[in-house]
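After this come two complexes, each holding chain A, first together with chain B and then together with chain C.
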Partner chain A sequence: MMNNAAISDLIIKMADDELIQGHRNSEWTGLGPVMEEDIAFSSMAQDKIGHAWALYRILHEDLAGPDPDKFAFLRPEKEFKSAHLVEMPNGEYDFSLMRHFLFDHAEAIRYESLQDSSFEPFRMLSKKVKGELKYHTLHANAWLMQLSKAGEESYHRMQQSLNDTFALAAGLFEASPEHESALIADKVYPGEKELFHRWMDRIYPLLVQASLNLPDMKTITPVYGGRQGFHTEHLQPLLKEMSEVFNLDAEASW
Partner chain B sequence: MYGGGYIFDEPNKKQLREEEQHDEPEKLAAFEERIAKGEKIEPGDWMPAEYRRQLIRLIEQHAHSEIIGALPEGTWITRAPGFKRKLALIAKVQDEIGHGQLLYNAAETLGKSREAMINDLLSGKSKYSNVFNYPAETWADVAVIGFLIDAAAIVNQVANAKGSYGPYCRALERICYEESFHLKQGHDAFIELATGTPAQKAMLQDALNRWWQPIMHFFGPPDKASSHSEKLMQWKVKMASNDDMRNQFLESYVPKIRELGMTLPDPALKKNEETGKWEYTDPDWEEFFRVINGGGPCNAERLQVRKWAEEQGRWVRKALMRPTEKRALPVA
Partner chain C sequence: MSHKITIAAVYESLEHVMDPEIPVLSVIDLGMITEVDLGDAGVHVKMIPTFAACPAVSYIQHNIKTTLENELGVHVSVEVDKQVHWQSNRMTPAAKEKLKNFGIAPPKVLTGEVNTEIMLEVPCPHCGSEQTYLRSPFGSTLCRAIHFCKACGQVFEQFKPLE
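For the complex of A and B:
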């Protein structure tokens, strides 16, 4: 017998990250440094928001959860489980790009692990998502390499944005204490600690290749809190904006 | 979207007219004969200087309209109600940027770089469709733009796709294909509001009232006031007159709007069954020229946003141009 409360918790964490990251990506539409990047970020925004939608639908259809639109667009901030990394405003392109690199590799690692999940909807979804994430991480890697090797300003910006985002990105792997051991025991997924190590193994050689220095791990404290409903000051205004039209009449069809 | 019917002309055409006189008469005759036979002109082919200039102007303004046109709708991406609308709108606006990219590429085949075109946009030298100098105030504006302005653009672009310049025609064929999906998503959102709650209907009616004049302006001034059409039509740069395109739009879309119970803010708007033409109150053409010359409600804001994006992205473009190490990227 699966622990539905634990699976729901994991789904909401993943989906909320995807929704908020997708929202941030979509904010680049029309404003990118080159047109090709507008298009790339819009395209990834659609994929991320699509993943969130798919996860909320699993919650709705397989675990008797609420209607996906209402759940995403009307939930109070406190009930969101997104990590602080995705809530941060886009900043300049360097910040957005480094976040994209760190987030998308974390996402890719997570979905790869779900290919062996005991929870069938996860296995199905991970198959579909795999192909998309391949391109997201290729895109992130290509730009990381390009910008880290293109002169002083560009290099320093990339190093600075890595310093600024790393502790936040480590916060993606915040476990829910009340559910973690059940999810691991039931083989739903390998657990946050294991995913963190796999993620480090994946990004470290790429950062070395880009000649970027990982911040000293002894000085890094992962930024936790999001999974427990403690958010940055940026989430509330984002949610207010997202639900602005939907909230005019939540019972109407839009 | 979004090529409007009206092509703004630059004030320095005198010098170029003189260049045109240097065109060799035999080559010109052969060129015009090819066009008359329906052949496409390709980038390496001989062409009159004025043809090249007019095409650059046309394609460049169309490209600018695509990327500026992304802004009014783009501001609603983060507010779109529900997953379905949100995903459709992001995809749509992304397509518009992609159209801009295609069109800048087409214009580059005529010898003007993307960078030079963007600089002319930012300095105000080069124009874009007036319709994007109006604000998108509510969600219903997104439905009106997606349905009616995309529809208007399709009327214009389907005509231009039969023009004489190969790269532009091929870009337009692909653009029209995508636009027809945009029109469907706009129409779908429009129907949802038109058949929705009283508040939704009122929101849609308000948006229609505000957008009607910019839509009538979209195809450009009446034929009787349009100066440089004849040569452009002979060279198949311009494929249909402003009034003809406007009439074609009214013929196709006024009934679709009315059958949903919505009204249009022009009591004189009706089809004359004898002539088969639509009659309407002339929109305020002084307003049209005021907006083209920078006096619209959003001209400054639109250019400011583009300038912000250009300035913020400068270091990235610089980094792309001079990497210290070349690296082959995997092509998947």
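For the complex of A and C:
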């Protein structure tokens, strides 16, 4: 017997991360530093929002959850479970790229693990998403390498952005105190602690290759709270903008 | 009514449903059709999108329904098949040839997972040279990447391999 409340909680936090990160990516549309990057972030925005939509659909169709559009656009801020990392404004391009690198590897690790999930819709979706994410991490890795080897200023900015984003990225792996043990016991997924270790094993050699130094883990406190509905001041304005058109007529058919 | 319709006739009709983003390829060429059933209520078609966020899915579903209903005169229902996911290896060799003639480099055949190497030295659809490099894994639609050909000096798009 599956614990539907626990699975729903996991789906919502994954989907909300994708939706909010997708919206942030879309904010680079028309503003990218070069045309290819403009297109890349816009494409990744589309992918992320598509993945969020697929997750909200699982919630709706397999777990008797609400209508995906209404759930995405009409929920109050407190009910979002996105991590603080994805809420942060885009800032300079170095910050956006580093967040993209850390976030997309975390996602790749998560979807890879879901291939063995006891929850069938996760197994089906993960096969599809995993292949698409390859292009996101390929893109992130290429820029991480190029910009870390593009002179002193560029290197320092990449290192600084890593220092600034790492605690936020570690906050992606915030376990639910209420549901985590059930999800692990039911083999829905391996759990946040395990995913965090797999993620570290994945990003570490890439950072070494780029000559970047991970901040001292003893000085890092992962930024938690998002999964419990405690958000930064940046989420509410984002939600207002994101749902502006939808709210003009929530019953409209698109 | 529907007893006159054969599976072969449905597939033939499906060859007339073109992809809105690559109008030289049909849903059959792309390998988007996973199942066709003939029932008392009419024809039931199962299909899959190339990329999960493909914005053309409902448009393609609608085109399948109207094309088949017009050509075969039966009721048609179309659903997205959740049990199968699209891979670029589903594309037929004939489809790859059409794609190349349209000016888009086809995906290389995947033998394992997508890696960096498979995106390198993609033959240029204009001059055939392999002196090319990947300029961006993202292009004008979700399924395309951008390459540059050093031999003819042209930018070109490629239909991305997807595992």
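Rule of thumb we're sticking to: the second predicted complex is superposed on the first by the 253 of 254 C-alpha atoms of A that agree within 3 Å, B and C clash if a C-alpha of one lies under 4 Å from a C-alpha of the other, contacts with A are read in each partner's own complex, and residues count from 1 in each chain.
The criterion applied here is as follows: contacts are C-beta pairs under 8 Å (C-beta built on N, C-alpha and C of every residue); 3 or more make two chains touch, one makes a residue touch a chain.
Keep in mind it's a predicted model, so treat the numbers as computed, not measured.
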**Fill in**
chain A contact check, chain B vs chain C, more residues touched by chain B
**Asked** Who does A:Glu153 touch here: chain B (first), chain C (second), both, or neither?
**Response** first
**Item:** Which of chain B and chain C A:Ser253 touches, first, second, both or neither
**Value:** first
**Request:** Quick one: classify A:Phe95 as touching chain B (first), chain C (second), both or neither.
**Result:** neither
**Which superposed partner A:Gln46 touches (first chain B, second chain C, both, neither)** = both
**Message:** One more residue to check, A:Glu36. First (chain B), second (chain C), both or neither?
**Reply:** both
**Asked** Counting only touches as set out at the top, which of chain B and chain C does A:Leu138 meet: first, second, both, neither?
**Response** both
**Message:** Between chain B and chain C, whom does A:Met124 touch in the aligned arrangement: first, second, both, or neither?
**Reply:** second
**Prompt:** Touching chain B and also chain C: which chain A residues?
**Reply:** 36-37, 39, 42-43, 46, 49-50, 53, 134-135, 138
**Fill in**
Residue set of chain B touching chain A in the complex reads 67, 70-71, 74, 76-83, 85-87, 90-91, 93-94, 97-98, 100-101, 104, 139, 189, 192, 196-197, 199-200, 305, 308-309, 312-320, 322-325, 327, 329-330, 332
**Item:** Of chain A, residues touching chain B in the complex
**Value:** 23, 26-27, 29-39, 42-43, 45-46, 49-50, 53, 68-69, 72-73, 92-93, 134-135, 138, 142, 145-147, 149-151, 153-154, 157, 238, 241-242, 244-246, 248-249, 252-254
**Item:** Contact footprint of chain A on chain C as seen in their complex
**Value:** 51-55, 82-83, 85-87, 113-114, 116, 119, 135-140, 142, 145-146, 160, 162-163
**Request:** Report the residues of chain A in contact with chain C in the complex, numbered from low to high.
**Result:** 36-37, 39-40, 42-44, 46-51, 53-54, 121, 124, 127-132, 134-135, 138-139
